[in-house]
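In the two complexes that follow, subunit A is the common piece, with subunit B as its partner first and subunit C second.
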Partner chain A sequence: MTILKPLLGWEGFLLAVLIAIIAANAALSPQFLTLSNQINLFQLSIEKIIVALVMTFVIINAEIDLSVASMMGLSACAFGWFFQQGVDPVAAIGLCLLIGVAGGAFNGWFIARVGLPSLVVTLATLIGFRGLARVLVEDRGVSGFPQWFGDLGQKGLIGPVPFALIAFAVLFVALFVLLQRTGFGRKTYVIGTNRDVADYAGIDTGRHKMIIFMMSGLVSAFAGLLFAARVGAVRGDVAQGFELDVITMVLLGGVSIFGGAGSLMGTLLAILIVLNLRNGMALVNITGHIQTGVVGLLLIGSVLVPRINLSALRRRPQKEAT
Partner chain B sequence: MTHFKTLGLTAALMLGTSGYALAESHAMTLEGGQATNMVLLPKFLGILVFDQANEGAQEAHAELANPGALLFVGPTPENSVAGQIEIMTTAATQGQGAVMLSNNAGDQIAPAAEAAQAAGVRVVTWDSPIPSGAGEDVFVAQVDFGSIGVVMADMAHSILGGAGEMAVLSATPDAANQNAWIAAMQETLASDPKYADISLVDIVYGDDQAEVSYNRALALVDSHPALGLIMAPTTVGIQAAAKAMQDEGMCDQVKTSGLGLPSEMVSYTMNGCAPEFALWDFRDLGYLTYYTAYGLATGQLTGEIGETFVAGRMGAFTIEEDPGRPGQKRILMGPFTVYTSANVEAAAQ
Partner chain C sequence: MTLPLLALRDISKSFGMTQALSDMSLDLFAGEVHAIVGENGAGKSTMIKIMTGVHRPTSGRMELDGAALGLSGTQDARLAGIAAIYQEPMVFPDLDVAENIFIASTTLGLVQNRGALRARAQALIDRIGMTLDVDRIAAGLTLAEQQAVEIARALSQDVRVLIMDEPTASLSAHEAAQLRGVARTLAGQGVAVVYISHRLEEIFEIADRVTVIRDGQHISTRLVGEVTPDSLIADMVGRAVGNYFTKAPSQTRPEVLLSVEDLGCEDIFSGVTFDLHRGEVLCMAGLIGARRTDVALTLFGIRPATAGRLRYKGAPVRFTRPRDAIAAGIAYVSEDRRKLGLAMPMPIAANVTLATLAGILSPAGLLRRRQEAGIAEAYRKRLNIRTPSVAIAVGMLSGGNQQKVMLAKWLALAPDLLIFDEPTRGIDVGAKAEVHDLIRAFVAEGGAALVISSDLPEVLAMGDRILVMREGRQMGILPHEGATQESVMRLATGATTLAGAA
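== the complex of A and B ==
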């Protein structure tokens, strides 16, 4: 893939970076390797990393979904609104997941059937879903959810391991199998590489894209509910700005923004790198702008620089071939 | 009081009593020199008033000779909710003695704050509390939110000479603090015949953005030719309004007042555009918050209602029930400082 490939490949490179960060963290902070910190490390960003898994499908499919964070906000606020209206919480969860599927179908229809660029469609729904979320709860906070709902978000379900972390693990395995071991996964790559070729080969690319955007909506709505459970209250600004963190994790994982290339293992490694780096810095009291700056530098170094080589190396032989 | 620090707690208790005749008889003096690590967590970094609060906390930190560390860490504005939750969670992992929080996350911080408490961290809020009070030991309130109405009405009375038209330039229409303060002012204006000749003609919102506020101030002047005063209960709005009136050369007809920072308002106060404005001292707020958190983290305070202690140069304070949040605890700093040409230059330093 890159000039690093002869040595260890992109994923091998990420693994080396991850090991270096973990070693540095363990050396600098005695609390880093404690079980509670390792769980917190995931919990603090659990919603983002769950959405990053499905974003991997979207980007490999040569699309983008900018509306994920707004859908998380809409789902969380819808839950708050239903709760205020006296809807049974379990039914409210089901309705919120349906909103996620419907929102994803809305995106997918305009992208796959009308043929609008996903950048434009999901930029519109980024604003639209967020607007709906704000209409639902206005500028109030909604809290006082049932005890079991909060416990699900905050307490350990199996020993100290919380529900959201188990959900992440299960979802990772399921999506890994789907992407790397099934026909659906292969189609995702083929369509992402060249949609025209895929169309010509008889793949219903529109249907495939519809399904992927509905998956994205559903998982985002689920992540929004996890956020509501974890923090025990919702406001109109829930998850605001999360979409960029999600997309950067996927790109750091080696998924090509042009589609057709990347893997869930790469995304997982990138997630672990970002989470461990943030956690390590927080433990040594590097927060705020400096933390943002360090993560930004890492991303410039690891997303941008190898990618220049990648595109230069990939495009030249393609041109020669045609 | 610094020379009492080395004395034992009992002795300090007695001395505290004798040293402060006005304090309640059981006001205790905190013993310095005990080690506890503490975190001052503002809404976000890069705001002058939070830096001032940090100065106050650092002053108290040095005064109490705490061998532990005082950290000033905060999130970025665009990440303030998740950032505050992350810092609160990390503080619990690190085993900090106390977190001093100016909450920007509403009740969303409550589970993280409760988890921190369960890990032995004392959580003291200042400037902005946790609405439900869950996860909070005590709130150090800058002023009584009700009294702000009286202060603003009095400044209006003084500037307008007892009679005239005023308008309010607020932050956002949904800002809970500002709305409570404006309501308190309206109540004061209506309830006391002293203010009978002052009429509140309009309330507009500048969204706490300088340019929007500036334009709203100009629009107010256009729509109300007899306007004598713009009252802005926000540090952004008051500065923008004063600048607008100065730029238009209208400071003789329309004055500006409200809540402002001396360092930002000093030129407008000296040239007469904003002859009077008010604010609480964020250095003092940081100082008092530190004393409170130190007392709790070292176990010298239990945080029960009725407990009274001496906060260094600021004197004695008592933990009481928060009238705005029944069942929750607060320490009331107060009062306002009203700034005029007589004291604004010193405060602006």
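== the complex of A and C ==
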């Protein structure tokens, strides 16, 4: 209850903000509520929002993964390189996903086993993975992927709904169950709250962190492939800088940067808020740079508001406890 | 002693439906040590928080020197000369003693005059009668020294009312005596000292008057000469608590559960040798720095042994991680609830099942929440955990109840060997007796308990045998028969200094 109440409060607040944004958008622009615009709104940021789901695990675990966007780039570029070398595209997809798992394991090993701070390790791999990506395709860019691969990114799979959006929905449900309903999810929260307590309770915290970083690498690699499919071409700078958008969405969703608190529902609501806000602003011709500024303000607000809000809420559980 | 220095008049404080304090009145006089005792949840913390400006009373008023005193924050309380120090002192580990003392001082300029600072710090340390080098870095200070730093910090701000909240709960007997000396010294200098402690013997040693509160109400205020431990306990719990200090008969069985031979770990401790039988309570006594907790950590696999042999259930074992020990049925109830024991912001239920998570998973790996709530609920009843619900954060509970949640976590594991590190530190008499009963019930069912305690009456009341350590060495094992506080202390101090000081 005590954990849920503030979160319900925060999630309720996010929901109210979301509804307000949607209402304003619908009022301002007749195209907003059309199905094609709604799909388009997801489609443009689909890679980021997929990675935000797994970033939620990383941050609740009291870690950070700055290397996600570089891994997206590495995976996309590796796919381009394999394609150039004549590797069968299906096999190339498998290899790229493997690269994701391996890259995540590399991060995880230094963080969980050696005990280095994730901020430093993943900053290093942010640079390292990006470097590898650039080495693989240099600045030329690779395109001319098979028709079916491009269709996967651009065409509707079920009616007008594209594969990536379905993947996002499936991943959301699976990760939601994993985080909020399983022992693995419980451990994620406990370790993020206090790793020593988890260790003393016999939880293999090193293994847990390892798995989370491998998940992060895998999902980032997958998102990189989606990007390649959607855009139809890859270059060394694919997805550059995306990590900050991803982290922004997770923090906006109420996940504590100190770990231990937050939920996937919060992340989902934050994703919807950011997407709808940007889309709405675009529909009324506000430029991308101003959109970015507004999202920044929103993030500051998201850190500020719960502090005001929570101190009021905090009193309530105390009443019950005394 | 006519006009009280600080007076509470009919102070009430409620949090929603809960009345934490009702019509509390209290006079504090300059130069007295005024002890306040009460069970956990009696309202002591709320009272301190009102006196230090953290909470505002719902009704009632405070007077300082007879004039109305309204505190709208902790800053106001400090300006009025009211300060509190707690069980866990707040020092900045990288600064030295002098810097720590003047950390909050607003009179210091941007450029510090080292010499003057040192001299003033030294004067304050001298004033409280401690010997402490003001150039020492705080990281290496003992708890008692850290508390001295906090007291000196309060003195530097002209404290008139010093509230000491369980200051000796984590201290060894020697350090505690030191700190009690400080309290007396300050009272001698005209400070009103409010002394909160669960160690009744301390109160008889240093307090002038003692106030008992229960359920947020003032029960009695008397001169210490007018009360006895029994009368105090009766006032605190509202009933007579039987045989707290009486040893229950031993239930030791012949079967050896854990056999420790010449155990050592790096240069931390060495030569620890004992057999622990089923049904037995073995107490480990010693001063701070005796390395008792380190022995426990080695037995639990946190810091693997580097010397000696361990046999458990008859077979040689070596634990290198806590989960090895846990898998073997060994539980370690840490002395540090906050850092090592409980995930404070998480619900009680989640904490209770922390060590037994696998047991509440469905075959698909999903948490069975109803089963989890059921387990937590069962322990709430069995251990008498006072909480409106097992769904609230464990951090919201009082210390004694947190301790019980931690116990529940380990009892849920159904262990064979329970290692308790300071099981009753900082919890009240009633909860203490409950924890003792739980330990006895645990060994009666065939478990074995290793109890580390700095509380000598507890050691004598619980231990079938008493293992005494000193500076990483085992000094001897005393059978319960014939062991006294003096004989334990003599071993713990190396027989020469301080004999019988406890």
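As a convention for this text, the second predicted complex is superposed on the first by the 296 of 322 C-alpha atoms of A that agree within 3 Å, B and C clash if a C-alpha of one lies under 4 Å from a C-alpha of the other, contacts with A are read in each partner's own complex, and residues count from 1 in each chain.
Everything that follows uses one rule, which is that a residue touches a chain if its C-beta (ideal position, glycine included) is under 8 Å from a C-beta of that chain, and two chains touch if they have at least 3 such contacts.
Note that this is a predicted model, so its numbers are computed, not measured.
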Does subunit B (first) or subunit C (second) touch A:R186, or do both, or does neither?
second
First (subunit B), second (subunit C), both or neither: which does A:D237 touch?
first
With both complexes overlaid on chain A, does A:G150 touch subunit B (first), subunit C (second), both or neither?
first
Could you say whether A:S36 touches subunit B, subunit C, both of them, or neither, answering first, second, both or neither?
first
Please indicate which partner A:G288 is in contact with in the superposed arrangement: first for subunit B, second for subunit C, both, or neither.
first
Interfacial residue positions of subunit A with respect to subunit B in the complex:
31, 34, 36-37, 40, 43-44, 138-139, 141, 143, 150, 153-154, 230-235, 237, 241, 278-279, 282-283, 285, 287-289, 292
Note which residues of subunit B are touching subunit A in the complex, please.
44-46, 71, 73-76, 78-79, 81-83, 85-87, 89-90, 93-95, 105-112, 115, 131-132, 172, 174
Tell me, which parts of subunit C touch subunit A in their complex?
15-18, 20, 41, 46, 300, 302, 322-323, 326-327, 332, 334, 339-347, 350, 354-355, 357-358, 360-361, 365-367, 387-389, 391-393, 396-397, 409
Within their complex, state which residues of subunit A touch subunit C.
1-3, 177, 181-187, 189-190, 193-194, 196-204, 260-261, 315-322
